[in-house]
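Chain nomenclature is as follows: A, B and C, assigned in order of appearance, with residue numbering initiated at 1 for each chain independently.
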Amino acid sequence: MKKVLIQIDSNKIPSSFDTITALDSGVDQILPYGGVIPGEVRDIVYGAMFTRGESELKNSAIFIGGSNVSVGEILLKEAVESFFGTTRVSVMMDANGCNTTAAAAVRKILSCGNIRSKKVTVLGGTGPVGMRAAALLAKEGASVTITSRKHDKLKDTCGTIENRFNVKVTPAVVNGAEETEYIISDSYVVISCGAAGVTMLSEAGWKKFPAIKVLADVNAVPLLGIEGTKSHWSAKEKEGKIIFGALGIGALKMKVHRECVSNLFDQNDLVLDAEGIYKVASRLN
Amino acid sequence: MKKVLIQIDSNKIPSSFDTITALDSGVDQILPYGGVIPGEVRDIVYGAMFTRGESELKNSAIFIGGSNVSVGEILLKEAVESFFGTTRVSVMMDANGCNTTAAAAVRKILSCGNIRSKKVTVLGGTGPVGMRAAALLAKEGASVTITSRKHDKLKDTCGTIENRFNVKVTPAVVNGAEETEYIISDSYVVISCGAAGVTMLSEAGWKKFPAIKVLADVNAVPLLGIEGTKSHWSAKEKEGKIIFGALGIGALKMKVHRECVSNLFDQNDLVLDAEGIYKVASRLN
Amino acid sequence: MKKVLIQIDSNKIPSSFDTITALDSGVDQILPYGGVIPGEVRDIVYGAMFTRGESELKNSAIFIGGSNVSVGEILLKEAVESFFGTTRVSVMMDANGCNTTAAAAVRKILSCGNIRSKKVTVLGGTGPVGMRAAALLAKEGASVTITSRKHDKLKDTCGTIENRFNVKVTPAVVNGAEETEYIISDSYVVISCGAAGVTMLSEAGWKKFPAIKVLADVNAVPLLGIEGTKSHWSAKEKEGKIIFGALGIGALKMKVHRECVSNLFDQNDLVLDAEGIYKVASRLN
């Protein structure tokens, strides 16, 4: 029986990245649905629930993507609420790669040493990956600060993280380089999660603080988020810091993504969101 | 050469149920098209007609779905009229599962004994499955009554059935339990084809009539159409009746659906609508 | 690793013709995207660039179709500009079958003898196939005239051909049979590329000119473009002319189309537009 993955995407064009990665994870057939709104999820999920016998349900699974993580969470909720009893299939939510990328970045950071009670700053922490990374770092015991230029969005993000993950993170509004540097000056780790192509931190800006031991950047599209780094670096040492670029993190992200998709087909009742995906990343790195 | 099934669906999101069932029927590649309007059918069908040589045309076929049966019939007509001469491919129409579900339900009912000249009542007989079931039961010689609350829709439905299947069925407008019970009181078979989640007949309502020998319900989503039954029942005896629930019928429905899709690839000129699908069901049960 | 072809189509319904032909070209998985606008190309292409390692990039490729050739060229440009460095995948553009059909038609014409410095008339030369055929014939040294009823479109087309292919073609506005016959009277080759189902040239109109040696018609849908011919003819002799119908050309077109798709997966940096596809056709016929 073919392993079928239903790809539910809130974007008009369902992510080709997610489709190809699924095919490389051992899925036999992927069914991509684009522009899906919450009210359409139930019928799509019923198609997975009612086409195969109970003992074969683990051969069907659902992946929820799209560039909007909040919408992704709503679609995930709709999917899970469509199940009844043991008539269910496994589901993974990774809108915008938020969970797999954040999990990989955090595992890479942890590979450099313990972060418990240490200060970690997430630059551009209100985006999809930033929010997830901040939450996972806080759950590992770090004292996490997230920065943004926008006060309201920052406040919302901290509230969302607290509600969803039951951890506290500190908001820091920053306007310009000087304020950013003030925040990171005593950080042990700085991770840059801003928009693709936008420099979040200058080279001079990170070189001058000896407290910083680890730098990570999830943006692969030039300009990089952290100036003076290379996207393919993985634990590269420079100026006394250990540095991870987006592709350096990306290799683990791809491994985690594929392993998670593959795991969906081991059982019919797995739900993989941030926590579950992070567990898989922990096993792999 | 890969067996390719083109899935034409009038709904925006093409049915994942139909896609997965096709994959489980031996199709190598399914091409689902959603939101298809009649004027778009011809070009899609040309793609099946002109890509493979005449001797290989049986490796391409078309499935027409969507939740609206009338639109499904129009799409089927468009597809068939696109063919010329022997340059054609096989086509199956099963919008909303109308044909496979009705065929399976009728075969299950017939497995309990002859229905020739006996009274059969189809509750909610104006829906996709109800119309098809009423027509097939009438063609088997039963005296069929279909019920609905809406006079106009009932009249239209009876006209449509007569035109399409060349059989007569009796309309019965029912408002509330009392009128429904009056209609079924002397029925040999009662089949419930109303909307999902809506109770069409109370347990007390069917228990009191000794004339009723067979009960069937095509609705699997609670509340069931016939109260006091279970959706997984298949020829279960209770209170002197033989009862079929939606999942009891569904096992045969899936078998019929898969066999029909599989048959499309045996030749390049099969057209499977209600009658052809019923023939397949008759062979299987 | 599966060979994945991304099919980018500007039409709402992505061409089933292109999808099935890709499957028959050895592609393992095709991902059809319909209704794609230029601004959506980059993200789709990134999905091909960033999911597989550099050494495996040749297992992903892109096909650009749709019925509008100008839009196809824009989508091709968007795709190619998304690449950076060696991180790229192969791409083929064949909107409306313009390149494969024109290449096959021209190769069939050349199989009848040299056309250098000979007059060739392209009837309906402003359409997708006509423009491509005119350009390829001119590049082979023929003296090409294209006809149309519309002066402005004709002027635009000649300009486009000159800019894109660096060859000159002669425009001829024709209103009715008499003017068409005047233009073809001294042509060595006449190729009809008008709209499907429209007769461009009557039988009497071509029989009377002994100068004409080769006739070709790319329209397979009755009425044919050149009256008194059959679409399955391939180098059929009649009245002293060698005649090719659309299906006669179509067999080579299909071979070229499949070979081109297959070639995409031999390397990760092939770009197949008119010239590259014509080269493949030249190898095959």
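The rule is short, and it goes like this: contacts are C-beta pairs under 8 Å (C-beta built on N, C-alpha and C of every residue); 3 or more make two chains touch, one makes a residue touch a chain.
This one's a predicted model, so the numbers in the text were calculated from it and none came from an experiment.
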| item | value |
| --- | --- |
| Rotation angle (°) superposing Cα atoms of chain A on chain B, nearest 5 | 120 |
| Same or different residue numbers at the chain A/chain C copy interface, by half rule | different |
| Geometric centre distance via CA averages, chain C-chain A, whole Å | 44 |
| Chain A residues counted as touching two or more neighbouring chains | none |
| Residues on chain B engaged by chain C in the complex (per definition of touch) | 1-2, 4, 6, 29, 31, 33, 35-36, 40, 43-44, 46-48, 50-52, 60 |
| Footprint of chain A on chain B - complex, ascending | 12-13, 15-21, 23-24, 30, 32, 220, 250, 254 |
